[in-house]
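By written order: A, B, C, D and E. Residues from 1 in each chain.
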Amino acid sequence: MSVHTPHPDLPPPANIVGVIGWSRSNLFSTPLNTALSLFALYLIYLIVPPMINWIFLDATWVGDTREACASGTGACWVFVKVRINQFMYGFFPEAEYWRINLAFGLLVVLAIPLFIKRFKHKGRLAAFILIFYPIITFQLFSGGNFGLTHVETSKWGGLSLTLILAGVGIVASLPLGIVLALGRRSKMPIVKSVCVVFIEFWRGVPLITVLFMSSVMLPLFLPEGTNFDKLLRAMIGIALFQSAYMAEVIRGGLAAIPKGQYEAAEALGLSFWKSMGLIILPQALKLVIPGIVNTFIALFKDTTLVLIIGLFDLLAIIQQAFADPDWLGYSIEGYVFAASIFWIFCFSMSRYSMSLEKKLNTGHAR
Amino acid sequence: MADEQRAVSLPAKPALWRRPAVRSIFFQILLVVGIGYFGYTIFQNTLNNLEQRGISTGFGFLDQEAGFGILMTLVPFDETYTYGRTFLVGLLNTLLVAGLGIFFATLIGFMMGVARLSSNWIISRLATVYIEVFRNIPLLLQILFWYFAVLRPLPGPRQSLILNDTFYLSNRGLYMPSPVYEQGFWLVMLALGVAIVASIFIARWAHKRQEATGQQFHTVLTVIGLVIGLPLLAFLVMGMPLSWDFPVLQRFNMAGGMVIIPELAALLVALSIYTGAFIAEAVRSGILAVSHGQTEAAHALGLRPGSTLRLVIIPQALRVIIPQLTSQYLNLTKNSSLATAIGYPDLVAVFAGTTLNQTGQAVEVIAMTMAVYLAISLSISMFMNWYNKRIQLVER
Amino acid sequence: MSNTDNASSPSHASDDVTIQLRGVHKWYGQFHVLKDINLEVKRGERIVICGPSGSGKSTMIRCINRLEEHQQGQIIVDGTELTDDVKHIDQVRKEVGMVFQHFNLFPHLTVLENCCLAPIWVRKMPRKEAEGVAMRYLEKVKIPEQAKKYPGQLSGGQQQRVAIARSLCMNPNIMLFDEPTSALDPEMIKEVLDTMIELAESGMTMLCVTHEMGFAKTVANRVIFMDGGEIIEENEPHEFFNNPQSDRTQLFLSQILQH
Amino acid sequence: GATLDAVKKKGFVQCGVSIGLPGFSNADEKGNWSGLDVDVCRAVAAALFADANMVKYTPLTAKERFTALQSGEIDMLSRNTTWTLTRDSSLGLNFAGVNYYDGQGFMVTKKLGVKSALELDGASFCIQAGTTTELNLADYFRSNNMKYTPVTFDTSDETVKAFDAGRCDALTSDQSQLYALRIKLGNPDGATVLPEVISKEPLGPVTAQGDDEWYKIVRWSLFAMVNAEEMGITSGNVDAKMSSDDPNVRRLLGQEGIKGSGLGLADGWAANIIKQVGNYGESFERNVGQGSSLKIARGQNALWNKGGLQYAPPIR
Amino acid sequence: MSNTDNASSPSHASDDVTIQLRGVHKWYGQFHVLKDINLEVKRGERIVICGPSGSGKSTMIRCINRLEEHQQGQIIVDGTELTDDVKHIDQVRKEVGMVFQHFNLFPHLTVLENCCLAPIWVRKMPRKEAEGVAMRYLEKVKIPEQAKKYPGQLSGGQQQRVAIARSLCMNPNIMLFDEPTSALDPEMIKEVLDTMIELAESGMTMLCVTHEMGFAKTVANRVIFMDGGEIIEENEPHEFFNNPQSDRTQLFLSQILQH
């Protein structure tokens, strides 16, 4: 009997590791690949350096007036700098900016525990954020109570309005979406068809026609003399529109809950609503958080459409600034600024939802 | 003992409200009544309000003369046509941009989706950057950007970039010759028709022969030859019954020819690039959903990578891709309504915009517009579902 | 814990028959699953139901707590006839516990919460008391130390025992088991069977669909053999295994015993 | 009427204005609105509530304005809106008067070397959607047997931007707007306004049909401003004029005669307008005339007795 | 159907050695998976490869039809050396059939279409003829009646037999098997092994990674034991099992035989 001595591990040949090996297998593995790589590199060479020059190297950053930018060949960020408050807060009175800051600061503080693994009362905190936080925020924005001066909704604007619209849209569409999703899975034919028609209707029409209806036509449908805030109406329009999408997301979650869960709840004697509230929905909603985040991203981008009905969200307020005779001709800077703000928000949220999805897909032991 | 049991346990028929079936019917009746009442109230309110404000109702306005011009029309139109015609013009423009958008977005999406999975590091990275950048920026912003980005650098019409004296590119659009059919052109059309029919037969025959003998036939080349050659022959025989209407530079603009206006171009670019990014993700996830074992098995059988993709991977990936593709097509169609922001005369801009404003018939116009979008959406999803079913059938 | 001194037992506790099926028929669409089923179960009886796959065993016991509806005949549980009446259904479900093949624990709740849920929300018990009851039954199934864990963190056998405890927390008079061990690895089957045997010894009325013939021999008062939606044979275990009356039963037994 | 009741109940006037047209209605960085059209809204608020600030503004695009008014989304529309038969009769609107006499004109770049609109055959035009401009342009070219290409935008802002980018050869709009829009060009001096005026554009405030009392308040608020100019009453001298002996002045300021009761207003309604908003002339000069960057001459908008068209029925 | 009268066998059929590995090394990144592998397989030989998990068995046989690339050494299959050259790779893949652990049937095609795919698209056979060939092999693996079904409708054992038939349809000279039975239930293992034994008897060159020692004893000419990326021992089955040379082999055998 021979005792086996293992062959020593040898280092791999030089041409398959390191930079050479990497580029050989990742860039130049076949003639076609080589051609593609060279073409791509050329493309990058064409686009990236001029872009970096314009955005950073040749850009003007300091100054307060148009004259500061006269000499620069790059972007004029002074324009954005001068207007930044308006871009963030709209026409909100300057003395009251702290209220907006407080509202969003509060959200961040409240949301942090949700990301802490060991935190126990996530569900309760989430419920608080969904139910009470909007009320607090509304108080802070609108004022009129607690010694806060009243600020009309027409003065809300900028990024804060964009966030408010998207936030309200998603929070308000959640309950309606749940009801619709349950309705669509209902065995009652009429309930089911009503829900299907409702969902398909909202999913089939463009948001701008919905916004147009809610912003200028709604009073036509209401009894004489009833009227309410334009922003509120836009929000209702958005929420209805969004609820259809939300319903489909939630339906996916409900479908993913095994039938056994329904049966077990039933066998224990829980009524329909109790088994929904205690057993099915908590599981289904958790499953669809990534889907909800994705809906939120879509909504966040779609809020730009409110500029068509004369609300000043981030994009609208930047566009409005282009008309300032003192700053004519800096629209590219404005668009780039708007694009980067939107991009940062959407990209980080989509990354978050992707990581969540991964987490839910793998260790679902909780 | 059993009888005792019966006596004890047999209850009278349960009260109506305790029977689920009854409850459910009752609840549904309630729902119908509620919705009916709601609808009725809205309807009444609207009628009341309209009457009180002296606004006429009905669709009579569709027959009135419109009296305004439209930038781009696919059917004959001038200001003497009716409002009903503006509806058609807007609808066709919407369908045009949606159709082309779907085509290009699918093309870009599939290319980028495959590129993202490429073994070439740079290509896959570029595709990733493309997807992440364009997916996460609002479409409206992109449309505005492309519009002004396209307009800015282009020269005025008199400084047009001219190619071959036939194509003129300026900030008024891309002008090119349009065909003028003269007498005898019918034969060319006939030849084209014959060629197409023949091609179909040849394709069938080639397929059959390949099944039978294994010989492959260059169907594509033959068909191309046929479809080009036959009409060309007819064209020459009839003494070239076609002339071109070349665009000519006039005092201000180009006149004659065909034009792709910058509004259409910008909208199309924005829609295709934006939606393409989403489709690319769908394609990628679809391809990834097909297990690697399938590729290996195909390779082990000696199939080349191209055939593997075509015969094994894509047919399976489509099952995952199609539903997502459907919703992207729907989104694209609805998003084409953002045309109104840059003045492309689509349905929303022309009909729900100018026509609504000139006639004041908001309820009728908006109802018609929504109905049209709803119909388009439903047709797209019906078609896609039908297609999805068909390929599902192949699978199971 | 015999059920006769059970607080929630109905007034006619003296009556011996607790489950009664009379001429029960059921269809799934056109498909006739249950054909003229007649069955009487006495209080404290332990019945094992077996038969080939698709013979309607699950369907029958699911009819008993109205997870499925029957279309013809009568099902009377603890003096309550199962009809459309929501009251009756609620009443029966309170009396009947059920354990499934796939446990069907609620993965988002801890073991303890799983057990307390129904007592709190259906029996309206205060949480403290419900937790006390739950812990008692968790001890009975021998996993009190797992109370704070989530189902996903337990083995299959442990999960099934939690499922049993969860049903017991509602103080049912009758327990239904639908192949409680068939999704388990061999090592775990034993722990679950032990729990069930213990339960049987405490005098609980049990209906159990299972192919564990050892279990049937040990605890059953009666074995019922179903095929094609009918009850083909019904006998005490010893007779059933050693002297099957029907050729179908014989065939079936030969198959499962050789395996 | 219902609108008036609603306005009184709310305590403010919801006024539809243009999204931003310098001199007529535009908001500053703080969101405060000013302009000739805005002043009409303010006058109505002053008449009704004795406070010109009791107005809320709804910025509207041309396309949205009538729908907003019809639906009751706004109480009155003061947004350089042309008075036409169709609008007055079949859209359910009531025009309360004319606060600016205008006419449609053309703006072209000087480089083009065009001196008259009649040379514009085959040109393309940037226009705003949903305006009479769209219709007039079509008529003008049809009657002169010329061809044109319309490029239609939602807002005046986009229209100017597209014109500036060279999308069209000419921009057409009401003359007053042309001047206002020209300032927004990258190089205002490179553009010129052609002499032709191809249409009549009487612009004025509008209310929805169905509430005559409200309609009359709007209409007489405007008349009060014109009358005040005619009588030489300004925001500066209104208090002094209270003791004037001129019966016309005394009637206007609510010292004698029917006072406010005919309109259901407080007696000093007109005085409040003049005090807080000023007379028509003041408003004109401040917003579009010499006091502004537009520097539009009075022209047709001078008083009738000064060679213009502004004429208000007498207060008596 | 012995392979010697095979039409597609290469011209140097007289040569006895059909697969030759000479000093083959392979790395995954820094990880040295195959270390100096030397192996010669003669035409008609049946070789079983075994060894602990991760020892490089799969990697080695996957190198033989170039599903993996080796970095050093030579692999010559049927006279063709495996290099970057696409021609050579195609050539080798036509000669070598492979059967995977997880079958890897194409779920969107029927069994028959699965079998015809490669003959039609790679060998350019007419469909009719390809179907004839396919049916012949389906008969050989004893499932001609399943030809029109989809893979998803078959049991695991049936699927694996289809996979074998699919490979055979390309008329390969050599068959590679990578743990063909390890994803199957015990009853099904037998049907697949029977098919493989039959194939072996017909004289096919076979390389088979498997832990079915019964199979190895019955059909193998040689058993190869791998560990840590090396071939540690190579012997005829009787010797290998009864008289292992290396301590590693012994350890391994003691583990799997006791199981």
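As a convention for this text, a residue touches a chain if its C-beta (ideal position, glycine included) is under 8 Å from a C-beta of that chain, and two chains touch if they have at least 3 such contacts.
Which chain is which protein? Per UniProt: A, B = Amino acid ABC transporter permease; C, E = Amino acid ABC transporter ATP-binding protein.
Since this is a predicted model, take the numbers as computed values, not measurements.
*Asks:* In the chain contact graph, what is the shortest path length, in steps, from chain D to chain E?
*Replies:* 2
*Asks:* Specify the chain with the shortest distance from its C-alpha centroid to the centroid of every protein C-alpha atom present.
*Replies:* Located nearest the centre of all protein C-alpha atoms is chain A.
*Asks:* What chain is the most remote from chain B, judged by the mean position of CA atoms in each chain?
*Replies:* C
*Asks:* If chain C and chain E share one sequence, what is the angle of the rotation that overlays their CA atoms, in steps of 5 degrees?
*Replies:* To map chain C onto chain E, rotate by about 160 degrees.
*Asks:* Counting C-beta pairs in contact, does A-C beat A-B or the other way around?
*Replies:* Output for the comparison: A-B.
*Asks:* Can you name the chain that lies farthest from chain A, using the mean of each chain's Cα atoms as its centre?
*Replies:* Between chain A and the rest, the longest centre separation is with E.
*Asks:* Taking each chain's centre as its mean C-alpha position, how far apart are chain A and chain B in Å?
*Replies:* Each chain reduced to its C-alpha mean, chain A and chain B end up 26 Å apart.
*Asks:* Could you grab the centroid distance between chain A and chain E? Build each centroid from C-alpha atoms only and quote it in angstrom.
*Replies:* 52
*Asks:* Based only on mean CA positions, could you tell me how far chain A sits from chain D in angstrom?
*Replies:* For chain A versus chain D, the centre distance works out to 41 Å.
*Asks:* Between chain B and chain E, what's the gap in Å when you average each chain's C-alpha atoms?
*Replies:* 49
*Asks:* Pull out every residue in chain A that's touching 2 or more other chains.
*Replies:* Residue numbers touching two or more other chains: 212, 216-217, 219-220, 224, 308, 319, 331.
*Asks:* For chain D, which residues are shared contacts with two or more other chains?
*Replies:* In chain D, residues 2, 64, 67, 70-72, 154, 161 touch at least two other chains, as defined above.
*Asks:* On chain B, where are the residues touching two or more other chains?
*Replies:* 49-50, 52, 148, 340-341, 362
*Asks:* Pairwise, which chains touch?
*Replies:* A-B, A-C, A-D, A-E, B-C, B-D, B-E
*Asks:* Can you name the residues of chain A that touch chain E in the complex?
*Replies:* 1-4, 6-7, 9-13, 16-17
*Asks:* Using the touch rule from the top, collect the residues of chain B that touch chain C in their complex.
*Replies:* 1-2, 4-5, 8-11, 14-15, 18-23
*Asks:* With touch defined as at the start, can you tell me which chain E residues reach chain B in the complex?
*Replies:* Within the complex, chain E contacts chain B at residues 65, 67, 90, 93-94, 96-98, 100, 102, 104-108, 117-118, 120-130, 150, 152, 163, 166-167, 170.
*Asks:* What part of chain D is in contact with chain B in the complex they form?
*Replies:* Against chain B, the touching part of chain D is residues 2, 62-67, 70-72, 86-87, 90-93, 112, 119-124, 129-130, 134-135, 137-139, 142, 147-154, 158, 161-162, 165-167, 169, 208-210.
*Asks:* Per the contact definition, I'd like the list of chain A residues that touch chain D in the complex.
*Replies:* 86, 90-91, 93, 152, 154-155, 212, 215-220, 224-225, 227, 230, 308-310, 319-320, 322-323, 325, 328-329, 331
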